[in-house]
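In what follows, subunit A forms one complex with subunit B and a second complex with subunit C.
Moving on, here comes the complex of A and B:
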């Protein structure tokens, strides 16, 4: 135990499990609306954390992450709607398709630098958006695609536990990835790709692998999301969805493990309660992001780092 | 003796500049070869051609007899040809220890473990242990050079190509780097190709040097031999070495 707690991975895993144990008790005191907000919050934690792997750790500032969540959601939704196929097949199919599309997109943007990569990935997302809207006879477009709920009803309680469990498993997995050799290579590529190559790192392979992996995770989250919200619309690929992911990660701490976790939930909660402000609430957050990017990319996580060190009594 | 690294008639043109003009050289296994010449002579271009940063317009590069001229940079590194950069390149946001670990993992031998022991001994050898948890971007120029060199030696390579490893560093760190080079050379019979302007160090390390001028190889030989050639004096040294 003490040896486990002396590694970054061990400490993070313990902390995640303790937090999850506390969150298991939330339904005892919370209303079902609160559970609903928290469930959607978990969905965004997964999206933010998986985008952070790609953008924050590997330096590939993709603006297509929300599109992969939609690919996962629509794949399972459409398979069920048209052919009555169960989510047991639908969700894995969505994950595979997201991973495959992530692989292809990752290869296409391989040589692109920051802003060009952002524009190309954004264009890809818009293409998916336009397709889902335009081919309404198949996708139901703006009419909305109805999807069967996972547990027969849409009472948030079961979905809350499901998303909590999914988030815990994925976060621990991502933490293990960051501490693995691949995690070192990701950070190396973000810092200096030429140097990484000169040391013998196959940067092409690493970048494409992370593109596929983060897309697959988004697709997985999207698949479950579809079977909870039960009505999908191209709104899912509105640019504001991507903006939300970026805002969550930057406010929480870009390129830090903690960042997306502590950024996503509060941003989601505040946005839910500020919904009456409409698009303005996005503008307010955008302003916060600009200020944070100017002064510190480590967001709220920067505040927690010293506390974290003290908690484990080092340095 | 076997040839470890061989450049054969390398050509590289940038717009109107013939940066590398029919450059050939062969370095034997275990040799420490110096490359000298005035600025703009094509020394760094040669380094970049040999290590795969640039693709040659024509010509070949052989490492231990095998052609590597079509290989990607990372494949060349994995075959054991390791380089350093003239302007030190490190992973700035990673700590000193993480830089060493990344270098280890990138070329890790199959039964290599996590590199803990190698990192430990490299921190001692470079005397960077007090800075092990400091981000590389916070190091001084000399410390950066030392760390870059240390990263190269984390997994012993068969051949090292070092571009100006001694420029802008204080004498103490220069000595540490020289010792590291000699140590790896002796223990692993590693081959070195060292680009440098530091004549005293070149004389000490390299029995043989290659002089480059205007993209071409102007001469091969011991430093004292080439330093007597009139064209080398005229084009580079300015006056005879004492």
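Moving on, here comes the complex of A and C:
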């Protein structure tokens, strides 16, 4: 135990598991609305954390993360809607398609300067958006695509446990990745790509791998999300969704492991309760982000770092 | 189906809209070449330009003075650009260099969200049109909507002025110098931060101009800048970041592909053909249309 707890990975894994154990008890006290908000919150934690893997750790800004989630959601949704194929095939198919799209896009763009990835993914996301709206006979467009619920009903309790489990597994997996040699390559690329290359790292290969992986995780989250919300619309690829993911990561702490986890929850909760304000809530959030960025770029995670150190008693 | 007239008409309308997309791409690429950052909120400046145009035409000047309204809208967006640069973008240089890209990206994304929400909050999700009293014009044997022809002529004039200012004025020289070396320009006694401010203003004013010109064609609503901005970014990938002729030629190429795709394949997918063109260019010529130097990291 003590040897395990002295590694960064071990400490993070223990903390995640303890937090998850506490969250397992939440349904005892919370109403089903709170559970619903929390479930959607887990969805955003997964998206934010997997985007952070790419943007925060590897320094490659993708602006299509929400689009990959939608690819995963729509793949499973459409397979079920048109051909009655179950989610057991639908969700993996969505993950594969997201990963494949990420791989192809990455191979084409990641050889170039980082800025081209952001530009190309932005165009990709809007193209998917336009396609889903335009081909409404197949995708049902703005009419909405109805999807079968995963557990027969939409009672949030089971989905809460499902998303909690999914989040824990994925977070521990991502932590393991960050602490692996590949994780060091990622940070090396972010710090100084030319130098990383000169030390013999095939930087393009690493970037493509991470981009495909983070797209696949988004597709996975999107697939489960589809079978929980039961109705999909192109609203899922509205650019404000992407901005939300970026804001969550930035408020939490860009390029830190804790950042997206602690950033996603407050943003999601506050946004849910501000929904009666309509569009203005996004304006308020945008202002908060601008102010945060103006004065400090470290996010909430910076507050926690000294606490974290003290907790494990190293200076 | 493939009559000569249809082909000619499709080609003309493709070139005409392509020049307007090029305005947008030029704004993006111009800001990038001076300030080394992407302004993600370009579409929102386009949107503001189109709202200004609508308000001026509908409430203040009337449809006959549309050309004056366009000048005022563009100037308004230019001034807003100066303010935004001063308040939001300039502080970028207080950040350590490795954080500047992240800062610029996040701040302009937040700006996008902010401006769009404000527009929806103030004007609602309604679609407006400033209308146009311009008659349908004949280009050769082909009829063209007057507003589109006017937009094309205005855009060409703006491109001409932009090029002439860059090429023949002292300030244009300063701008070109800043795009080559930000340090070098300072040693020549030029205040690079004030050059930045003007460059940002000009860049967003190009987007505002496109918005004002296209207001009668593509309607006015809070997210109307999105489609044109995406095309602007597609053009930048095709023509290369920082290249002015690249923006113009890629813009026309995109306009043509889109126009022919809409006429001969399916007009429902008009906004998708551009991305297919981007993929094709990336496969065939990874260095972009003009073999941009240093594009590959």
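Here, the second predicted complex is superposed on the first by the 309 of 315 C-alpha atoms of A that agree within 3 Å, B and C clash if a C-alpha of one lies under 4 Å from a C-alpha of the other, contacts with A are read in each partner's own complex, and residues count from 1 in each chain.
Quick note on the criterion: a residue touches a chain if its C-beta (ideal position, glycine included) is under 8 Å from a C-beta of that chain, and two chains touch if they have at least 3 such contacts.
Here the structure is a predicted model, which means the values were calculated and not measured.
Contact with subunit C, but none with subunit B, is seen for A:108 once the two complexes are overlaid on the shared chain.
In the superposed pair of complexes, A:287 makes contact with subunit C only, with no contact to subunit B.
Greater residue coverage of subunit A by touch, when subunit B is weighed against subunit C, goes to C.
In the superposed model, A:122 lies in contact with subunit C only, and not with subunit B. After overlaying the two complexes on the shared chain, residue contacts for A:200 are found with subunit B alone; subunit C is out of touch. In the overlay built on the shared chain, the residue A:246 is in contact with subunit C alone; subunit B does not reach it. In the superposition on chain A, A:181 makes contact with subunit B only, not with subunit C.
In the superposition on chain A, subunit A positions 191, 194, 203 are in contact with subunit B in one complex as well as with subunit C in the other.
Within the complex formed with subunit B, the residues of subunit A that make contact are 181, 184-185, 187-188, 190-192, 194-203, 315.
Chain contact summary for the complex, subunit C toward subunit A: residues 32, 38, 40, 88, 91, 95, 98-99, 101-103, 105-107, 109-114, 116-118, 120-121, 226-227, 230, 233-234, 236-237, 241, 268-269, 271-272, 274-275, 278-279, 282-283, 286, 294-297.
Residues of subunit A that touch subunit C in their complex: 61, 108-109, 111-116, 118-120, 122-124, 126-127, 130-131, 134-135, 191, 193-194, 203, 239-240, 243, 246-247, 250, 254, 278-283, 285-287, 289-290, 293-294, 297. Every residue of subunit B that touches subunit A in the complex is listed here, in rising order: 51, 53, 72-74, 77-78, 83, 85, 89-94, 98, 101-103, 105-108, 133, 151.
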